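In the two assemblies presented below, chain A is common to both, partnered first by chain B and then by chain C.
Now for the complex of A and B:
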């Protein structure tokens, strides 16, 4: 078990931005929400998944909607707590522990606010190990664990329970209700028993964010190479380093799709890496060769500072290092690849494990 | 018609006298603690040097670091009342969240959140409750807080609630000085509100400073209007500057870049302003500095108003050089260059000394650096230029070959005719580029909105916004015949179906000057 205080949230937010793989929303607002909650209600106990009783009740909590709305209609605590309460009422049971739905992006920080305010422990694990855009993209889906019944709540006191026949449908319903509720809501979802949690969760993924954040802070303080520090902390490998020479974006269906070309420098001189994104970075190619692909993690950071670079910040002239981090093995199954592999996102290529790319 | 541009920097106050597009005369004078004395001295020297009378001036444009210094040093800041229109949303992240402790402690801020705010599509989160707003105003009045901020959720898209709240405040507190967040910043409530708070905190100082400038200019015989230059390189009237000092805090680098564009005739370029301690590098796009797209920190506070995107390198004419010539900067002798550098009879080895030793510049006493190895000094100068080219690469906006325009007193550090693959241009009067930039500043206006492109084609949406920007521009004093669009930015909102897209249009025009 770890005790997470307001200062640790700085590291988690930075690590969350790295594991946001270019999308997932800026963890900044979630960080402030969690820090303010922790200052008021106390630190959060981050507990091991194994320490959970099999008959425990766990909810995933987090935000759903557009990050662009979150920076304006800043989060409140009340709807987050309302969502939890609505789901508890619906199930007629009290929740034992909370968990993060995705260890990356904005939702890496928000669950800490709920855990602190409710005095509940937060699991050191999540069912994705990164950020993904749709709520059925979870190892829970692979384990046959239902996202619903789920509760959504807005800031006016409205709450909605969705009971959907499968997780993809839950995603669709949640998305359209979110728009009626102002484009950004909180949810309590994937109600699970302790036994189910143990089947689906990636262990230690919240600690990994913390480690990545502190690795970057320490490297900067010691003027060490932040990219090396990040590689060590994440177990990833350096795919490419160079300069962004072109960025193209198009929009459709609420997503920002596009690609960035990165001309190699130093050891990578002469090669050009193309990063394709749909909010998150999904594919890294050199010519026809796939170096890394979703569901493995592709992260771009500033070569000098190690600061994570989102697809929105990607622009000509930036010096970036591109890291590939292996995803959880469960994602690499046929079912996992069907749910979040390159073809799901419309890229007609096979998944190539990042550790095999050369 | 003459105009004078004055740029008040940390070390020097520069002035340039222009007639039309011609630089008649330029001077460099020391900045004074009270700012106005230095400004007047620069004005006196530049008019005397050109042999004209102050009464012949048509306009005076001043760029000053006075307000940013006040923020950084946290002095002479006024107490601020903040009213956020947002309930029932945003409660867990109240005003001042994320501020550094020292800044929060230094500023006397009294804040309250009340019903209000808008959804992304313009619906009200809640209607205003006049009683809540008037209570807040009365409370501020009782506490003697005169500078108030009104911020509302999505007010950057629709400011009607903020304006209505301001009206309600004035009814009970007529002497309140009110900053609306929508007048200052863009999307991002916290950053926009922060910028408005900093603006309000500068309120008293801004009024005093502008009054002092006005009195001093009058005493000097200037009858023309005077303006302050804004962060984006355009002008605001003295009266407006007194109300929006935050809009001037980053005018220094902008003035240099605008001056570089004007003096070199290059509209698209990389500008390197080499000073004594640092080099500021920015990209000029269509004659204007590229703006920072995301949050910018000011005195440790996240803000999001218009600021130039400038990359700063700790390398200037006064940068310290280690005895083995292995390292250069970031420490510097700064303004003591003309007394501490070897070529000026001092005992400190600086980058300027290397330039002389390498035979690339003539400055002071060359004999004082004769003991340095010429080859080694040249190698060192190459490294300096390599560092500048690396920094330039970071700032470049596209693969297009554009010139690098070098301005500022430290331009002797560049002797090459190319930096990387880009050609170097050192324009005439490069030392006074910042003052020339101030003198040639234009007026500007912009709008930032979220539009549903499913309901309206993009072209029509942009045209509607453009029409509104044109109106604001004329109100700001622009010559209607000279107005041009500087940039149109569209950014789709992610993770939502539909085609909600944020569109920002910015335009500029020449100031309408009458004889």
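Now for the complex of A and C:
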């Protein structure tokens, strides 16, 4: 068990931005909410899932919808607490512990705010090991664990409980209500027993964000290479380093889609890397050659500072390093690739494990 | 209290089609469902609201969505019973009695199926006195009675509970989920105490359908004028009689919009009546002169048989009589007209009470 205080949230937010793989929402505002909550209600106990009883009740909590709107509307925690309470009332049971639905992006910091405010422990882990845009994209789905019943709430006092017969349907219903609620909502979802959580949880993935954040802070403090520090902390691989020469971006259907071309510099002088995104970076190619693809993690950081770069911050002239980080092995199964592999997102390429690409 | 058996449903379905005012969904399939339920589970007790205790719990039950799809999917009552159960579970209370949300169209017969299957009484009344296309269009809204929490269910086992802070928001959320659920769903909504129901209910409006249906049957049996029989039973006024000369119709946004022109015959030889509809007939004009408009009821029936004619059945050459029936007085208040008057539906005309028009 770790005690997470307001200072630790700085590291988690930075690590969460790296692991947000270009999308997932900026953890910054979630961090402020969490820090406020911690100052008021106390530190958060980040616990190991093994310490949970098998009959414990766990909820995922977080924001759903367009990250930019989530961030604009994150003035208050009240809707998130309303969503938790609505799901508790619906189930007729109190929740034992909270968990993050994704270890990366905005939802890596928001759960700390709820955990502090409600005096509940937060699990050190998540069921994805990164950020993904749709709620059925979770190892829970692969384990047959239902996202339903789930509760959504907005800041106007509206709440909706969805009980869908499968997780893709839950996503579809939740997306419609999210749009009706103004584009972003808070949710409490995937109510699970302790025994179920133990099947689906990627252990230590929240600590991993903390470690990545502190590794970056330390490197900066010591004037060491931040990219090397991140590679060490993440077990990732440097795919490319260069200068952004063009960015194409289109917004539609609740997503930002496009690609950035990065002309190689230094040891990568020979080639240009194309980074395709749909919110998250999904595919890194040099010509026809796939260097990395979803579900593996593709992260872009500023070459000098190690500062994570989202798809929205990509712009001409930026010097970036592109890292590839292996995803959890469960994502590389046939079922995992069907749920979140490149073809799901419309890229007609085979998945190549990032550690094997050349 | 009246005992409603399978034969009575024939009359209620016919009366419900007249009071469907051209939209509201054909009560035919709801009638079959109700008759099946009654044969299996027994007759329905149609009770006066005054016999309810003030702390009784009442739900509206019915179909939501495009009537044509509702009708296609009405193979089974199970989703409606699931919706009732989901709302009961959510409220932690058993329902005492059911009510129809609209006395007209499909939802005048469906509640009988649920009442029989669940062994519950059905109120002789409704909170509209006709059919309207959106769920906030109810005297409940004028009385400050919430449509929420409400439960929707489909035939795949999905259910959703909506708790919206006002009835227009409930309509918006329910409409989205209805589209996600395939265009039509069953719902249990407007959970009310006996005391609340007494404030909003139009008494006897289900009996009125029964009476109108039997009046038509009797007229046909005696070879009497069915239009005269309907006028007597409804307290309505004959606005026009003639031949349909043109129909324009467009489907979009979940509605059928358009108008039918009816060239006058007999005593109406001088003029052409234009009947505008958005599912329901909303406006009857001769030139610039408004003869009747929503929220008053405009009904079209076959001149020979008295058979009700929906907007979808309007076609060239049909001989029709157009009847205007006064709505409940509460609809003629400023608030009532704001909720369901001609301007709400985009017609820039003043409401003229049908009994005063010339």
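By our rule, the second predicted complex is superposed on the first by the 356 of 358 C-alpha atoms of A that agree within 3 Å, B and C clash if a C-alpha of one lies under 4 Å from a C-alpha of the other, contacts with A are read in each partner's own complex, and residues count from 1 in each chain.
Heads up, the rule we're going with is that a contact is a pair of C-beta atoms (placed from the backbone, for glycine too) under 8 Å apart; a residue touches a chain by one contact, two chains touch by 3 or more.
Everything quoted here is computed from the prediction, not taken from an experiment.
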{"item": "Chain B versus chain C as contact partner of A:164, first or second or both or neither", "value": "second"}
{"item": "Winner by number of chain A residues touched, once chain B and chain C are compared", "value": "B"}
{"item": "Chain B versus chain C as contact partner of A:86, first or second or both or neither", "value": "second"}
{"item": "Contacts of A:182 with chain B and chain C, given as first, second, both or neither", "value": "first"}
{"item": "First, second, both or neither for A:17, with chain B first and chain C second", "value": "neither"}
{"item": "Touched partner set for A:97, first chain B, second chain C, both or neither", "value": "neither"}
{"item": "Contacts of A:156 with chain B and chain C, given as first, second, both or neither", "value": "both"}
{"item": "Chain B versus chain C as contact partner of A:317, first or second or both or neither", "value": "first"}
{"item": "Chain B versus chain C as contact partner of A:32, first or second or both or neither", "value": "first"}
{"item": "Partner chain in contact with A:173 - chain B first, chain C second, else both or neither", "value": "second"}
{"item": "Chain A positions touched by chain B in one structure and by chain C in the second", "value": "156-157, 176, 179"}
{"item": "Complex interface listing, chain C residues touching chain A", "value": "86, 90, 156-165, 169, 172-173, 176-177, 179-180"}
{"item": "In the complex, chain B residues that touch chain A", "value": "86, 88-94, 97-98, 117, 119-121, 125-126, 153-154, 156, 187-191, 293-294, 393-399, 491-502"}
{"item": "Touch list for chain A against partner chain B, complex", "value": "23, 25, 28-29, 32-33, 36-37, 65-69, 71-78, 113, 133, 155-157, 175-176, 178-179, 182-183, 243, 245-246, 251, 253-256, 279, 312-313, 315-319"}
